[in-house]
Amino acid sequence: MATIRRLGNSTRWSDVVIHRGVAQWVEVAEDPTADPFGQATQVLQQINATLEQIGSNREHILQVLVYLHDMVDAPALNQAWDAWVPKGHAPIRACVQAGLSGNYRVEMIISATVD
Amino acid sequence: MATIRRLGNSTRWSDVVIHRGVAQWVEVAEDPTADPFGQATQVLQQINATLEQIGSNREHILQVLVYLHDMVDAPALNQAWDAWVPKGHAPIRACVQAGLSGNYRVEMIISATVD
Amino acid sequence: MATIRRLGNSTRWSDVVIHRGVAQWVEVAEDPTADPFGQATQVLQQINATLEQIGSNREHILQVLVYLHDMVDAPALNQAWDAWVPKGHAPIRACVQAGLSGNYRVEMIISATVD
């Protein structure tokens, strides 16, 4: 059985799980008082930080599943996304509206390859 | 690090991402003016086309995550699904209601093995 | 192409799909007349049973994606979850509100490693 690497200190969940060269994790904005564009920008920057932490980068993202609190925020998401997504190395992406906890406006589930 | 293969020309997302023999992609109906049964049928036919494009087939699907605009359309989804799903080789499936963009009534996230 | 193992007798879906040492499946409560805490507890016990069936255990879970019928049930979910999740081996977890069929209050999509 291949090794599972878990990052993060919470007992409720791991921040990142890595198995057979694929990392998976969930991001919401560290500052949920920001507006939808600000939250999307934060989440994408947090993805960058997690990628750096695990020795990967944006060109190795496989999939991003986006949950928006309100589909009316899709243009704000796309504005932040388009400035961030690496040309020629875009992941697959699904984006649907779902209820999120607290004041979160956007939540993403990410998978990316690591060495 | 295993190679990542990306299909599709959009800068916002890839149509299909293939990594270590597993392809993942997202489908919505090409014609969203169709009713829920018509959209479900389209999406399943589009899955067939993508599978053929990547050299796979319906018997190699691992998972389908279905989002319906309205859970009242579940019988229409199931009617289209039951005519399509390969007997003895069914994927796992989850089906929940979530808000979809535009006039989409059904969206699916698919993973399947390829050579 | 690596072998795909499918468990379950439904023609509509497989109960579990196993590929390259990773099992994926979907759980809802066997008794949907239970309250949200009861349903969450059932689902987690059913995960234990599936893990045992496939020769794995809670320490090998990679990801749990939770759908709640109503986000107000998050504390009930967390109460059941915290008593169940293996310390030091927690999966990543996302939890969003989505419409579920029938009287289901919680649905989970699970992936875990197997030998």
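Labels A, B and C are assigned to the chains in the order they are written; within every chain, residues are numbered from 1.
In this section, contacts are C-beta pairs under 8 Å (C-beta built on N, C-alpha and C of every residue); 3 or more make two chains touch, one makes a residue touch a chain.
The model shown is predicted, which means the values in this text are computed figures rather than measured ones.
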item: When chain B is superposed on chain C by its C-alpha atoms, the rotation angle in degrees, nearest 5; value: 120
item: Classification of the chain A:chain B interface as same or different, half of numbers criterion; value: different
item: Centroid distance [mean C-alpha coordinates] between chain B and chain A, Å; value: 22
item: In chain B, residues with contacts to at least two other chains; value: 20, 98
item: Chain C to chain A touching residues, read off their complex; value: 20-22, 60, 62-63, 65, 68, 71, 74, 78, 81-82, 85, 87-98, 113-115
item: Chain B - residues contacting chain A, complex; value: 1-2, 4, 6, 10-17, 19-20, 24-26, 67, 98-101, 107, 109
